[in-house]
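Heads up: the structure comes next, in structure tokens.
By letter and in written order, the chains are A, B, C and D; residue numbering begins at 1 in each of them.
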Amino acid sequence: MIEEGDRVILVGQKREYYLRAGPGKFGSDAGEIQLADLIGKMPGDRVETHLGKTFTIRVPRPPDFFTHGKRSGAPMLPKDIGMVIAYTGMNRNDSVLDAGTGSGVAAIYFGGIAHHVDTYEIRPEFARLAEKNIVDASLDNVTVHAEDVLSAEGSYDIVHLDMMIQKEHVAHAHSLLVPGGFFVTYTPFFEQTFSVIDACNEFFSGGVNCFECMERELTRTARGTRPSTRVAHSGFLTIARK
Amino acid sequence: MIEEGDRVILVGQKREYYLRAGPGKFGSDAGEIQLADLIGKMPGDRVETHLGKTFTIRVPRPPDFFTHGKRSGAPMLPKDIGMVIAYTGMNRNDSVLDAGTGSGVAAIYFGGIAHHVDTYEIRPEFARLAEKNIVDASLDNVTVHAEDVLSAEGSYDIVHLDMMIQKEHVAHAHSLLVPGGFFVTYTPFFEQTFSVIDACNEFFSGGVNCFECMERELTRTARGTRPSTRVAHSGFLTIARK
Amino acid sequence: MIEEGDRVILVGQKREYYLRAGPGKFGSDAGEIQLADLIGKMPGDRVETHLGKTFTIRVPRPPDFFTHGKRSGAPMLPKDIGMVIAYTGMNRNDSVLDAGTGSGVAAIYFGGIAHHVDTYEIRPEFARLAEKNIVDASLDNVTVHAEDVLSAEGSYDIVHLDMMIQKEHVAHAHSLLVPGGFFVTYTPFFEQTFSVIDACNEFFSGGVNCFECMERELTRTARGTRPSTRVAHSGFLTIARK
Amino acid sequence: MIEEGDRVILVGQKREYYLRAGPGKFGSDAGEIQLADLIGKMPGDRVETHLGKTFTIRVPRPPDFFTHGKRSGAPMLPKDIGMVIAYTGMNRNDSVLDAGTGSGVAAIYFGGIAHHVDTYEIRPEFARLAEKNIVDASLDNVTVHAEDVLSAEGSYDIVHLDMMIQKEHVAHAHSLLVPGGFFVTYTPFFEQTFSVIDACNEFFSGGVNCFECMERELTRTARGTRPSTRVAHSGFLTIARK
């Protein structure tokens, strides 16, 4: 049931809107809705504008936060977040250390899966933004630290870095991981990818692999079916096991 | 702590072995270990063979079940399982319906994340194999049904099919999904992919997309760094939202 | 030496211009040049504007006609034209039949290589446009036929079609090819690609293959080196040997 | 008409054989053929074994030399040779300088197109091998130099290097090119690709681009149509214009 302050998506005929149940009203070509009227509703319920048009209520899932959440720079794409989850086998027993939080998209995905996520973001304005997005995602197992990840302590099953990475970060990640744990980095440029691979080979004995994931969409229209003329590339994932 | 009957991986210098704590012994070039000696040990502990060689104990994670679990035909690759998780935003609140279980690799991944997974496998010998792999993965929230998925009832956040798909499967999946829920199919051939897209466009109003994910490894040796001369392709993921 | 009416490219500091030696003048921010002054010049010579800025003279090569020639719809990309040349081994001894001329880009490439090219374009306005581009490329071994390619007769080493293809086109191409000759089609959609493959398998005994070529650019800047976030896909090349 | 000493391909039901018309005989499961009997025949003619099986005569084209010619290490793939031809617009007016001849596959392709090709191969045994393959391809416009390419003089429209490249090679290539001419290198590793790009940016003002070409085959069988699970990657093409 939707409560005051919850994020809600209203899905119309052509567009969807990312709103918050509570004070104020939402207006579009289709008419107006009082946002307080969303409180107490269930996902899938319909609400009607003063012009008699209907919207369907959706409770946001992680891909919705990727699409609608406030951003800071370029977030990791879902395809790459999915590769991190798959290659590490992230699951409900895991303690995850994440750094380079940005707007928190990866942390929101990880928070929905893992036991606990500590995410480090050294830029205070990004840390505040991530904090808000994480609250909107109703996650109480994700802690945002507005600090240098090198100050992190404890024991983790997975360490994931989406930031500029020095050799000391690799050594530090290794020291925090449990045996069999995974270190994963996302690096958009070759130069840094190569230096991360080299550092991982120095510290990790359980295997180091580096992948890229090229995602391509199929488009199917009345004219025919074809691959999209774009293939999304984004960066490289280096995966090292302790 | 490792208990009798638990799956354990022993990691040596060059190879790793997928074993079970309990009766019997394990022998390799490096010497012998009594498997009962693994009971009570912790991940990361070392055990010594009668020749004085050491192995490190690892508790298997989902990628280990992909690598070491008993197989039936070609399982989905982790990259594609990761895409399913990412595009649906699978998380601990989700009820997941899976079908075409095979040896259970996807179900093991999903079971580590979701609240509950019902997985349907119509071939009884595969259902039994999946059941064993799922027990080995210590998951108690995954139910294997040795039945036609069309007999499934209930309400799900995600329906995932890795099997031959008819239009009736698409209609049935739609009827079981909550509003905002996701239907995902994995199809290796174009012909079936196209017919799945068409059926999804008929039943699902929340958007239908079809992707492939080409994963490519970077290899870095003393000679230099280059992309692997292989790029893994496997199949197409069609994602429809209710 | 550049003669009256020849196409010339003037290469400046930042931009290049596709012009014609002869009457009139060319003006840009850098000043004016009388186009008659280009006559008698050699490639690599420099010309000066009335403002004292210099441009270098370039005689266009096939990629320049791709970049600068007048277009009709979407021409084949150089990468795909290169694949046609490579898979057929096109060379100076070859008679080539080309159809779906469009603006003539492929015909210009082929004309620079083969002994003779007959190119068929059923749309008269495109045939006229191609004719002009081919004259600009100074090719006297390319004949544009404003006709249906099914009316072509003779004997060819290579038949290349970039058009909507029916089974009768495949049969006809087969009948015109010498033993060991190649039939190549470019098709952007899967549906037509599949029907072309089927027709080729019916008529051609020397092997039928179908490829796509994904071209990706590396970008190297002060920030680092990375693959372009786009990968160009265009269509499928089906190659059948008689 | 086939003359004594010419290379001939005999195409049977299932396999093809790369032979030479002249003394000796060819034997397979299908029976024997006197190779002198091929002299005077035409492409497409059939010859019969002593067991009454027939083979069709094919005169080799450049892709046949790639498939059947004697090799030295890994030759450039046709797809990459085709990209070189396409990006440079290689044609019958061109003088081409090629180095890193290897077994001569690229030189054979280029020789069938360009006015003249000088190809440099510093390893004498490879130069001899290339010489033989080029004679087999009946090309009289390709000169093999068993020397360091840095000793090359003259003026070229295209310089193509498939070898270990130092900065001095880039400077030398630039000095030999006509205005508007193209320098192209093939490099399998990132490290060298990056240093070639840097050197090209230093010497060439007409634009520097670097591409890779991922070729993927479509396979179509009774089970369905799908992309091959392999995508061929080979190396990077850096293209610089003077």
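Just so we're on the same page, contacts are C-beta pairs under 8 Å (C-beta built on N, C-alpha and C of every residue); 3 or more make two chains touch, one makes a residue touch a chain.
For clarity, every value in this text was computed on a predicted model and none was experimentally measured.
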Equivalent of B-D within the choices A-C, C-D or A-B, defined by over half of its residue contact pairs recurring: A-C
Interface composition of copies chain A and chain C: same or different, split at half: same
Angle (degrees, nearest 5) of the CA superposition of chain A onto chain B: 180
Centre-to-centre distance between chain D and chain C (centres being mean Cα positions), rounded to whole Å: 22
Rounded Å distance between chain A and chain C, as computed from the means of their C-alpha atoms: 45
Centre-of-Cα separation between chain D and chain A, whole angstrom: 48
Residue list for chain D, restricted to those that touch at least two other chains: 190, 194, 212, 214, 216, 225, 231
Touching residues on chain B, where the partner in the complex is chain A: 9, 11, 43-44, 56-59, 61-64, 78-79, 81-93, 109, 112-113, 178-180, 190, 193-194, 197-198, 206, 209-218, 220, 225, 231, 236
Residues of chain A touching chain C in the complex: 188-192, 212, 214, 216, 223-235
